[in-house]
Amino acid sequence: MNNLIDILDLTESEIDALIDTANDIIKNPDNYAEKCKRKKLATLFFEPSTRTRLSFEAAMLELGGSVLGFSESSSSSASKGESVGDTVKVVSCYADIIAMRHPKEGAPMVASFKSDVPIINAGDGGHNHPTQTLTDLLTIKREKGRLDNLTVGFCGDLKFGRTVHSLINAMSRYKNIKFVLISPPELTLPDYIKQGVLAEKNIEYIETGDLESAMPSLDILYMTRVQRERFFNEADYIRLKDSYILNLDKLKNAKNDLCILHPLPRVNEISTDVDSDARACYFKQALNGKYIRMALILKLLGV
Amino acid sequence: MNNLIDILDLTESEIDALIDTANDIIKNPDNYAEKCKRKKLATLFFEPSTRTRLSFEAAMLELGGSVLGFSESSSSSASKGESVGDTVKVVSCYADIIAMRHPKEGAPMVASFKSDVPIINAGDGGHNHPTQTLTDLLTIKREKGRLDNLTVGFCGDLKFGRTVHSLINAMSRYKNIKFVLISPPELTLPDYIKQGVLAEKNIEYIETGDLESAMPSLDILYMTRVQRERFFNEADYIRLKDSYILNLDKLKNAKNDLCILHPLPRVNEISTDVDSDARACYFKQALNGKYIRMALILKLLGV
Amino acid sequence: MNNLIDILDLTESEIDALIDTANDIIKNPDNYAEKCKRKKLATLFFEPSTRTRLSFEAAMLELGGSVLGFSESSSSSASKGESVGDTVKVVSCYADIIAMRHPKEGAPMVASFKSDVPIINAGDGGHNHPTQTLTDLLTIKREKGRLDNLTVGFCGDLKFGRTVHSLINAMSRYKNIKFVLISPPELTLPDYIKQGVLAEKNIEYIETGDLESAMPSLDILYMTRVQRERFFNEADYIRLKDSYILNLDKLKNAKNDLCILHPLPRVNEISTDVDSDARACYFKQALNGKYIRMALILKLLGV
């Protein structure tokens, strides 16, 4: 493997190896501080995403490498009509590995055909965002000690949420996973996923509109944002939105070892008073994102 | 102290210590070249300010550290509705110290409540800009050998000039300081400062509209820009603006050891023929800004 | 020499020395990996140019130095009305060398008068772009083994193409150079160049509109883009544009050792099926751009 375009490019054992490396980095950071000395990461962000970009940059810097790139396409040659293939062909001259974010689905894959250096998909439109999924998996593994035998709730916008689809795909490969799909009827998980991976792998799932009644069964609760613009009318939005805002009250019947995740940025879908609850793992998740990206860079560079 | 939000967060002895460190860095830069090895500075600039950002970045690089961040908010998650608190909470995962510039007053203080790493206010709206004030103090100390017993003139826009207010606050703590406040009537120092710190500390000051007659008494002349948009009518602006442009002619009666400062950028308020006069210290001031920021980073990181 | 503003600032022997250094870097990169340790490059890009900026940044990083700067003027103090002279005067405090791109012709030269550190012109409007020309010369030297005794074809927009004018000027200093100028009548080489350097140095040249008939004579083919907006009417553009698109068919009668160059970015003026032809040197050219900039930085810093 020389690129990471889709989370399913990775086998379970490859994911396990990445998680093991990330855990070792967390334990022994000094061992990794010079691993990528004289290596350069290019962050080609054709649309802005501070969090993801800074996570990649911090990852490379903590490996002793350096970083160059751009943070939005107005600063890039794309505005002069250059193809993504040509851009990465040229950037291959300047960097040893590329993390690419692009508003068009498939752009990182096209790029990988032309590039002379490894390409990491850092998000392509509503499609894939495999390093987010790796981040989620690392966090689940660290918090729960396992990736199998888990009841995983997804709450909010399950229709358009790219991170949800990707994590469902990834978790479906592990044993005895149950999904609880919590959303308004307008924003349920697409049929192609239910009739696809869930049916094929015979995975148990429940669909519900009620977060509180689902709460007691959950080992993991993955929150996402319910965006106003997804609703057909304002009245429905106002009626429904509070049901999908997590607060301490809604956590009353949750397990003590529930692990609450959120891909961030959050707007208001998790009340800030949850932040100091031990079950809130979304800031740890952000930190884990750096470590799994360090592991991934090491793997793709063959260091 | 773990943050620098307001210049008055620092005691006089802390300021003295920072100035001493900066002077030592200037003398022995080699001793500091690896002090922040493996440390990362995040520059979170929610509004652009090249000079301040590059000064912070150069400071961290000269300490052997590295830098990541963004230079305007369109590249940041703020455009997705994320709170400043969440942003710094996440950036705490990626960096060891944060320099934040924000158009809203108080944003860096709010950030400091959430951050796991030290926050430096790199300017918040018209409010505080403490590293500029530290820069001014270092420059005055280096040029005059002291921070007390000085007659300090401020010229131009004293009403809105954030750097003026901040330096008046900081200088008011030293002995035998006199202020000469030179401005058009529309742009005089606000009453809350005159009736506040100046009255409380019984500090001598003169208000005048005439730069040339004030000149002979000054040890320091701090120039600021008189912006057209501050005037109620164009006629007043045109009548007054030239009075507050410094040129060699207006320096005829100045002391030989006058120290001319300007926070930069300058537009036309100091004629370029002044640049080669030995009393022009504003480019030295820019250089000093790097050194005092190096000292501050060392202090906040506890290196 | 402390700056590089115009390719003609460099003598032939200085160019030879830069090419020799670049070739040595390519052979022995390890020898150069720490040459610029603790040195800082500022990339001041008042207009975006990803390729050029990343090439400079990669160059400095591969010399062990570090980089700061901005990638478009909205992030710079220029938006506050600061002069280019003041900007570089201040940036001189933060960096050891400056690469400047500016939409106004002559801005880098003005900057060089004020700067305390070397200035490299990274492109000023339609005027000069000397590091592109150095890149072209290094590529020609590496591919053909010489800079004299060559027949050099330029194809496309010879009227406005800055890189064409600059390379013609530079190549005109070598012995026995012939130029084949291939363009539509609307976009021929300006008279001031034909009656200038070409006449003065008595250099043989042919003007033609027909790429295919010119092909067999060429040692070098330098392609440029024919932009729709250069034409007075759409009909002419449509009639002519295909004549200046290079594809494998048009290469049938080319020499086996033809060297095809393009300053990039390309839009469609070279068909992608040419990319895998051994004579396509434009991606090598992009790589060479990094090495010649490394050589130039070393020279200007006196390392």
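For reference, chains read A, B and C in written order, and residue numbers begin at 1 within each chain.
Assume a contact is a pair of C-beta atoms (placed from the backbone, for glycine too) under 8 Å apart; a residue touches a chain by one contact, two chains touch by 3 or more.
What you are looking at is a predicted structure, and each value in this text was computed from that prediction instead of being measured.
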Touch-based graph of the chains, sorted into line, ring, star, complete or other: complete
Type of subunit A:subunit B copy interface by residue overlap (half), same or different: different
Rotation, 0 to 180 degrees and nearest 5, that superposes subunit A on copy subunit C via CA atoms: 120
Averaged-CA centre spacing for the pair subunit B and subunit A, given as whole angstrom: 41
Set of subunit B residues in contact with two or more other chains: 66
Subunit A partner contacts - residues on subunit B that touch it in the complex: 38, 40, 42, 66, 68-70, 74-77, 79-82, 85-87, 89-91, 93-95
Residues of subunit B touching subunit C in the complex: 33, 48-51, 54-55, 57-58, 61-62, 66-67, 71-72, 264-267, 272, 283, 286-287, 289-290
